[in-house]
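One structure is given below, encoded as structure tokens.
Naming follows writing order (A, B and C), and every chain is counted from residue 1.
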Amino acid sequence: MNASQIVEAVLFASDAPLKAEEIARADESLDEDRVEEAVRELRVFYDETERSFQIVEVAEGYQILTRPEFSSYLERFDTVPRPSRLSGPALETLAIIAYRQPIGRVEVEYIRGVGSAGVIRSLQDRGLVDVVGRAEGLGRPLLYGTSARFLEHFGFGSLDDLPRPEELPVVLRERVPLLPEGEQEDGGAEPGVAAGAEAAQLDLPDG
Amino acid sequence: MNASQIVEAVLFASDAPLKAEEIARADESLDEDRVEEAVRELRVFYDETERSFQIVEVAEGYQILTRPEFSSYLERFDTVPRPSRLSGPALETLAIIAYRQPIGRVEVEYIRGVGSAGVIRSLQDRGLVDVVGRAEGLGRPLLYGTSARFLEHFGFGSLDDLPRPEELPVVLRERVPLLPEGEQEDGGAEPGVAAGAEAAQLDLPDG
Amino acid sequence: MAAPETGAGLFGEKAGFWVVEIDRFQGPLDLLLHLIRVQDVDVFDIPIARITDQFLRAVKEIHATQLDSAGEFLEMAATLVRIKAQMLLPRYGDDEEADPRAELVRRLLEYEQIREISARLQTAEAERGRRFGKGYVEARPRPTLEDTPLETGWEEVMEAALAVEMPDPRDVEHRVRVRPVAMETKVALILDALGRATRVEFSRLLRGVEGLQARMHGVMTFLASLELTRRRAVYLRQVNPFSELWIYRRDPETEGAADESAGATDDAAEATDDAGGDRPETTTQESP
């Protein structure tokens, strides 16, 4: 058995992305570099022989997935599991958490303008969002961040694959700590996340 | 797309074996004979290029499976002991059981707000949590507590050594009554407590 | 004023009053952004009076079944009204920070950006949805969990313990925003005070309220007085900026002569009906 065959077998036998160092566990002869090399070989081979699947980098790992061109054929089969779709509020909340992590619930709610405890909880239940720490300050509110499953769900290789702020029509810049104005009645649960959270200060033009 | 590619994609993505006539539904250009022919082509190709997988025919139809020669790698991949960490839900559940033991599943679920049968089972599988008795009342529900292995792993001489800092939430610090009157024995019927919901995110592998 | 909104398809005139499909909006920022974008208003120079009017009108149509979100819309309404009031005050110098709209504009732009990002996430989700992983994965022996070395230390368990939040028994599935202050209570308070006098100072209504709650009480009392203004049960007077705000009882019979501290009628209830206020208005229905 050569390295490519072993790596292929492991990728074929998995329904989730695997990191190179995980794949390397399959045999003593493998290490991370050998695995990376085998992945490159397999990719070339799948391309050249026009396989219907390819190796995709997802969630900082590798996964064999069908090429998108085949979706219309596959969607006809009950035995092909359907991907799930998130609701608008869930996407909106995820967007905030992805870009501002680590971020507390109160800060998410201030940005959205609506209560978000239920959405955050359901994102947690789906494994898309994790508690990643606690803020300083009164009540030490929980801070949330995105998980590996978040990357998997959207097919991102890493957080770097998120659209860059400068590509967006509205530009994110360095921000001063978010100071909720009076309309926040969650008394005292000050989001003390100024330090870690990168966020936006949208400067107003003069006048 | 040629017939071989479509057949390959369908066999790859299907979670159950498919018969030739079923596969033919993927596209109008296909019929049973065309599918059988494509399967033959793919088999020859997989053989000649020494793929680690093959198309097998079982009673219910065709399926792509890893070749048996690779099973030892897969087994090794799975069983090489790798250090793992407790997931967020497992940590939360363990904390609740540690501080409120002996405690029943329903009470754990009440505090967490989500179904917890799966998490508790995985904590049992890890040997961190044991059944320590049964409660009075309807159905005499099982009560859980931490194990000797729990004390050993976290380096406690006895349960009296568990730190109880000021900031510990009241629900863990004191044995405040949990369920509102009359709901005490309302096993599992809590709204929003879906047993399966949390099953998938139990133990994330290390890394 | 009606024209641009109808064109936007946001409002529809039905049975003589305006209906807004508040369900279409994910929250007050969404609605506000819609009002601004659809009328092609410069977000850096929001005509706050007009937008506030439109917003308030939309919020009024929130149905009793949507009380949960009503609070959020009302908070925004209070913010808008406050900004509107501040815009009337003289501003000192040309310090841009002094623009009372600045924070709102920042929030709106930030929210718009988040919406752009969610749209892109949705696209990414759809693209990922066109690829399929291996459907069938052979069952293989799993290592027993008990043999698996555990790397988790006590600090992590402790952290989780500190994070445990006891859920509200009334709130297992949905978070019900239990408002510390009900606007309806404040409406009653104002009407009660005006039952005994023709006018009352705003500050008197807040007597005895202190601490963290004071601000919310202030906002809700102010909202209540606006609501009563809308129902034409009262009108507000303030002689100078920062001077006392007076709430006057309004006699519907003397409409137009409101300046002379309202007449002797005590028929506030009738005035309420007058403005179509027979719906169970707005926020209340609190859990105790």
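To be clear about the criterion, contacts are C-beta pairs under 8 Å (C-beta built on N, C-alpha and C of every residue); 3 or more make two chains touch, one makes a residue touch a chain.
These numbers were taken from a predicted model, which means no experiment stands behind them.
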| item | value |
| --- | --- |
| Most distant chain from subunit C, judged by the mean position of its C-alpha atoms | B |
| Pair of chains ranked first by number of touching C-beta pairs | A-C |
| Innermost chain, where centres are averages of C-alpha coordinates | A |
| Chain centre separation (subunit A, subunit B; CA means) in Å | 21 |
| Subunit B and subunit C, separation of their C-alpha mean positions in angstrom | 42 |
| Euclidean distance of C-alpha centroids - subunit A vs subunit C, Å | 32 |
| Subunit C, residues touching no fewer than two other chains | 132-135, 138, 140, 159, 162-163, 173 |
| Numbers and ranges of subunit B residues touching at least 2 other chains | 9, 12-16, 64, 66, 74, 82, 88, 113, 167 |
| Contacting residues of subunit B [partner subunit C, same complex] | 9, 12-16, 63-66, 71, 74-75, 78-79, 81-86, 88, 91-92, 94-96, 98-99, 110-113, 122, 125-128, 153-155, 163, 165, 167-172, 179-180, 190-193, 203, 206 |
| Interfacial residue positions of subunit A with respect to subunit B in the complex | 1, 5-6, 8-10, 12-13, 19, 21-23, 25-27, 45, 49-53, 64, 66-67, 69-70, 73-74, 76-77, 79-81, 121, 124-125, 127, 130-131, 140, 148-149 |
| List of subunit C residues in touch with subunit B within their complex | 132-136, 138, 140-154, 156-167, 169, 172-173 |
| In the complex, subunit C residues that touch subunit A | 26-30, 44, 68-69, 72, 75-76, 78-79, 82, 94, 96, 99, 102-103, 105-107, 109-118, 120-122, 124-125, 127-135, 137-138, 140, 159, 162-163, 173-175, 177, 179-180, 212-213, 215-216, 219 |
